[in-house]
Structure formats: C-alpha cells, structure tokens
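Both complexes shown next keep chain A, but they swap its partner, so chain B is in the first and chain C is in the second.
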Partner chain A sequence: ALVVVFSPLPRLRGLLQRCWGRLERGFLPGFSGGQSPPWGPALALQAPAYLPQPVDDAGESNEAPSLLDSILWMAAPKKRRTIEVNRCRRRNPSKLIKVKRNIDVCPECGNLKQKHVLCGYCYAKVKAETRLIRMEINKKEGGPFNAPTVETVILYDGEKPTEKDEGKRIIERARKRPSWFVQN
Partner chain B sequence: MRLSVAAAISHGRVHRRLGLGPRSRLDLLRNLVTALVRHERIEAPWARADEMRGYAERLIEYAKLGDTNERAMRMANFWLTEKDLIHKLFKVLAPRFQPHPGSYTRLLQIPNRDGLDRAKMAVIELKGNPFPPLICQRRNTEKTLLNQLLKGYREDVQRTAAP
Partner chain C sequence: LCCFLAGSAWVRGLLGWARPQRWLASSSLFPLSCIHTSTSLENIGKWEKKNRIVYPPQLPGEPRRPAEIYHCRREIKYSKDKMWYLAKLIKGMSIDQALAQLEFNDKKGAKVIKEVLLEAQEIAVRNHNVEFKSNLHIAESMTGRGRYVKRIRYHGKGMFGIMKIVRCHYFVKLVEGPPPPPEPPRTGFDQAKEYVQQLRSRTLVNTL
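On to the complex of A and B.
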C-alpha cells in the first residue's frame, strides 16, 4: 500500500500558494515589479531566479596569486650543502648495497647458488627432463581432460616394470637413465 | 590494545592480498590447485604458491575422508575446475597419502624470474610424484670428509685413552 504523507510547514505552503497564484496570473515567480514581464518563448533552463549583477572590481581582488607572487612562499635551501654533509648522506649504511654472505657452491655441478634457493643449473636440468616426460604423457593421453585414475611410473631404455609397478601406467623415455634420477 | 585503526599502515597484518579482490584471489588459487593436481609439479610466484599450499593440503585431507562423503565431494567440485581431476584426486592421491599424517606438498624456492620483474619464484610439488627429484639426497658414506675426520678423532682419543 502506498501512503503519501504531505505536511508542509504553514509558511512554506503560503509561499507556494503565492507563487502559484502569480504564475496563474502570468507573472514570473522571481519578479518583484507590478508590471507584466516579457514572457516570450524561452528555453527551460536550470537558472537562478534572478540574474547575477556583473561585478568587475570584486572579481579582480579575489584572483589567485600568480606564480610570480607565490614563488615568495615556496621552500628553498638556504645554504649550499657542503661535501662533508653530502658524503654523510650518500655513504650512510642504509644507502649502501648490502654484501650477501649466503652464496655457496652447489655440490652437484659446482655453480654458485644461494643457500636457501635451488641451484639454477640443476633445476634447469630437471625442468628440461620433466618437459620431455610431459610430452610423452601428452602423446599417451591424446586429448585434453584425460587424467588417468592410476599412478604413473617412468621407465628408461631397457628397463622392465618391477612388481611394485603393478597397476601403474608406464611412460617410456627413449634414452639411458640419468645418474641423478634414481629408480625407486 | 588497539588505540588507533590507521588504515594505510599494515604492520603485523598477516593475510596476503592477491589478484584484483577476494573473489579474484580465490579464483587464482583455485586455478593453481587444479594445475597442481593435474601436473603434480608447478612453478609459480612464491607468495601464490605459499598461499595455495594450505588450500591444497586441506583438499587432500578432505579427499582422504572418501568418495562417498558429501562434503568432500562438494569441496573437490568447487576447487577442481577440470572435472576429470576429481577422479584422479579420490582414486590416486587419496590412497597415495593415506599413510601420511600431513604435509603432502613440498615448496622450494628457485632463482628469480628471468623477465623484467625478477619475481621471487617457487616450485611446489606433491610428494611421491613420478618426476625426477628436485633435491638429490646425499648419502652419508664412510668416505665423506666429515666422516673421515670424525674417524681420525675417534682413533686419536682411543690411542690416548688406551695406555
């Protein structure tokens, strides 16, 4: 149910009635004279009820200060920074590059590695081999969304599946088994 | 006690903000989890891999509850966008990790990305995957330097203690 509650204040209602009366008699609501104003065809605009008086002198005094005046208010260094002060700032330990002491030698390949990070060379080696294994898997599966419901085991040249690899899917790789890939 | 709620300062806030918003973050992590279950070894930015690790392990714990469990199936349906992986999750990964109590994934940092951003990258893999291992375990034999030195020290002690 739609309920319309309309209870204007008495003064507002009086004002509205007077405006409406003037409109009906053909006067402009904002016109304060007795004569009938020129009513001609006009566009409906969102304009104030009265025209603002053109004021020239008040505008110029409120103009924002130009750049040449505001320069007087900007921050600027007072004296030249001496080389001693500059050196203190530039050579402060927080600005120097820290020395890394966590670099080691990989025991497998002899390349440098960070202690908590895998060796880049060894990881690239393993990544290349996994890529080839995945290509073999894709060839075996054929299309997308064919994930098998059994485990997978990878056999290299001349290897036979043992009794542990009973119900598993076999992926053949046509090369000798690398020394770092120990068969379980 | 919190005296001020400064919005621009993030001291001590632990939650990461990934992607374009919370929904985008969940979509990102969901894509990564799907890729991990499919390929079992993933290379991704370290922050995303770290965030995804918790979700992947909880998904495997849900899968361990079994195929018939309604909640487990709903979780797997939400988190795996490729539906053939749901079969793989329940039939391959759940039996594989049944004896393990926890920690089914391994997160290792790799050298920074080669592109312009030099991002911190990580490789995350499920344990027991068929691929070649990333870290080769060095077996402790008699011939290693440390063991030779310890053997020499033990013999010195026995020689001084004996007479």
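On to the complex of A and C.
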C-alpha cells in the first residue's frame, strides 16, 4: 500500500529535513554527538509494531476454526429421507402441473389458442407472407439505406393502384391476395 | 429399385454390414430373407405385446367391450421424474383435452407425449376399429426408467464427477368412450357413515 505524505507544517518540515540530513550523513536522530552508529549490512524484516508474544495457542485457535471447525459447523442431513417422505414432497399438489382453463379455438383457422395470446398458426402464416414481401422490397431497394420517404402499397395479382395511391411506392407480389390481408 | 432385380445373395451382402435396429419391421420387402425380422434381436416390450391379445367374439346379449389401445415410446432423452408430472396431468382426461393441455405446456416432455398421443390415435383409427378419434380417453399413462449411461463431468482443479445420462419410457393406454367422471372427494359424512357401518358389522368372536 502506498502512503502519501502530505506537505507537513513548516516546523515539522524543518524537523524532518534535519533528521533526513543526519541520516544522510550517517547519524541516527536518536544519537547525540558525532558518533556514527555501526551501519552494517543488516537484515530488514517486516515485523509488527509490537513484539510477538509467545502465545501460539491464541494464534492457532484463531486460524483453526476457519479450516477444521467449519466442517463441524456445516449443516448436514442426519438421516436418509425415506421414499415416503420424498413422495409426499414431490407429489404435493403445489408441485403438480395445474390444468389450464384459458384454451380456446381460433375462429380463423380452427387451431387451439390461449385466450390472451395470438393464434400460433395465424401468426406463422402472416410472418411467412411478411417475409416474402420484405424480400420483394429488398430486391427493389437493392441495398441498405435506400428506404424511400413515401409510403408503400402492396398489390397482388390483377390489382391496379387507385387514386389514393398516387405518390406511394408500389410493391408487386405475384400471387392472389390472401383473405386476411384486406385492401383499403 | 435395383434391389428387386438382384438375387438374395446380393441382398444379403448389402444387409450384412448394416443392421439398423428398426429398419424393416416386416419381411414383406424381401420375401427370401430370414423370417425372423430385425426386432427379434432386441426384446419386444410387454406393453407392445398387449396390443396383440384377441378376445373371442362377444355374445349377442353382452355389453360392448370398449376398444383398448396400448402405445409407448422407449428411450426418450428426459428424466422419468420430470415426465411423471406430465403423465399425472393427462391421466383420466379425454384425448382432445390432453392434447390441448400439452400443446401449451412448456416442458420438453410435453412435445414428446403429444406425438405419442397422436400416433396412438392414428393406430386406434386404423387398426383397432375405433369409429371416432375424439371418442378416446386416457385410461393409464405411466413413465418408466430407460437405460442410464455414466459419463465424466469435468470440474475445475482437475476434479471430476460422474454424471448419469438419463432416459425414460412413456406408456399410454387409450380406451374408447367418454372419460369416466372424477370420483368425488371423501367428505366427513362419508367417513362417519363408514365408521358406523364398521361398528354395526362387528360380531361376537369365539362364541356360540
């Protein structure tokens, strides 16, 4: 961890400068007089501020619970759950699948549909036709960013653009108009 | 096909190396081939054999015996416990209601069971002389354990676990006719009546 030392007060700065000077010259701040302490190669250890007490038991008892005692403290099943108990839990009515009562018949195609959801068959039908229309549009435009600023009108076999479709872009589809696609 | 032109030796050579399990169900295509068909190599399950029983013709006064159709699918890649919930859902329903419920269920087994029910309905109409395909109800629907395979699942730090690849069977019995009405739940009154009946039916034991 880095320790950032702020600019000390002028008095403290003067004191620090004097101490630093003494150290540079080989004096320890604690020494008085001009004697230099025996600076020899010494081993620097990172020791805690206080001397470690010879109380190994306290140290051990702090470490051991995290390794060994945690196994003793963890929850574990005492007895095997019998198949009867397991069945009671698995076959509880809350876990059985509920019977759905919101299924109806689609009036258009006759397939089943949920009341609040679109009919899957009709949606797939519309999706397929939309895909073909989009392919026609892509063929006409040729590339990206070529969408015109006018509306689009889709005409099927044997249909002519009316007076309302004056300035609109016309997309031709080579098939009969589907019954569900109403012309304006 | 050129198979018909060649002799039986060429045909046997063609089939010698490839023996798919359910390829030719009957020997109608190759009359000179062995009489035992490919299904003799694996066991024909008991459920499949239930379709083969033939009853003697009914007497004129007897009530009509409803048609029973047994169908199953083997080795479905799904858990038997998870499949059991779907089997329990459709037990006792009419076939139309069962198909509707399964269509809007999100489980993987629902799609499989729907296919099985449609197949069974088709077999009922074609082979078992069922007049209306809607006039069927599900009498029994069960799941069974398929063959499990053990594989290694690799964890971190060189650890591994052994996982089971789980498969199941699904069995269904369709019976002709409308579904039976669900039995009403036992009330306290019924229990009291049964208790009184039990008290009344006590006799003196070891006496004259």
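Just so it is clear, the second predicted complex is superposed on the first by the 94 of 184 C-alpha atoms of A that agree within 3 Å, B and C clash if a C-alpha of one lies under 4 Å from a C-alpha of the other, contacts with A are read in each partner's own complex, and residues count from 1 in each chain.
Following the convention adopted for this analysis, a residue touches a chain if its C-beta (ideal position, glycine included) is under 8 Å from a C-beta of that chain, and two chains touch if they have at least 3 such contacts.
This one's a predicted model, so the numbers in the text were calculated from it and none came from an experiment.
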Which partner reaches more residues of chain A, chain B or chain C?
-> B
Look at A:Arg90 in the shared chain and tell me whether it touches chain B only, chain C only, both, or neither; answer first, second, both or neither.
-> second
Once the shared chain is lined up, is A:Tyr123 touching chain B (first), chain C (second), both, or neither of them?
-> first
For A:Val153, is the partner it touches chain B (first), chain C (second), both, or none of the two (neither)?
-> first
First, second, both or neither for A:Cys109, with chain B first and chain C second | neither
Touch check for A:Val99: first (chain B), second (chain C), both, or neither?
-> second
Tell me which partner A:Leu132 touches in the superposition: chain B (first), chain C (second), both or neither.
-> neither
First (chain B), second (chain C), both or neither touched by A:Ile170 | neither
Dual-contact residues of chain A, meaning touching chain B and chain C, are 114
List of chain A residues in touch with chain C within their complex | 90-91, 95-97, 99-100, 103, 112, 114
For chain A, which residues are in contact with chain B within the complex?
-> 107-108, 114, 116-118, 120, 122-123, 126, 129-130, 133-134, 145-154, 171, 178, 180-182
Touching chain A in the complex, chain B uses residues 38-39, 41, 82-85, 87-88, 91-92, 96, 108-111, 123, 130-136, 138
Chain A-facing residues of chain C, complex | 81, 85-86, 88-89, 100-101, 103-105
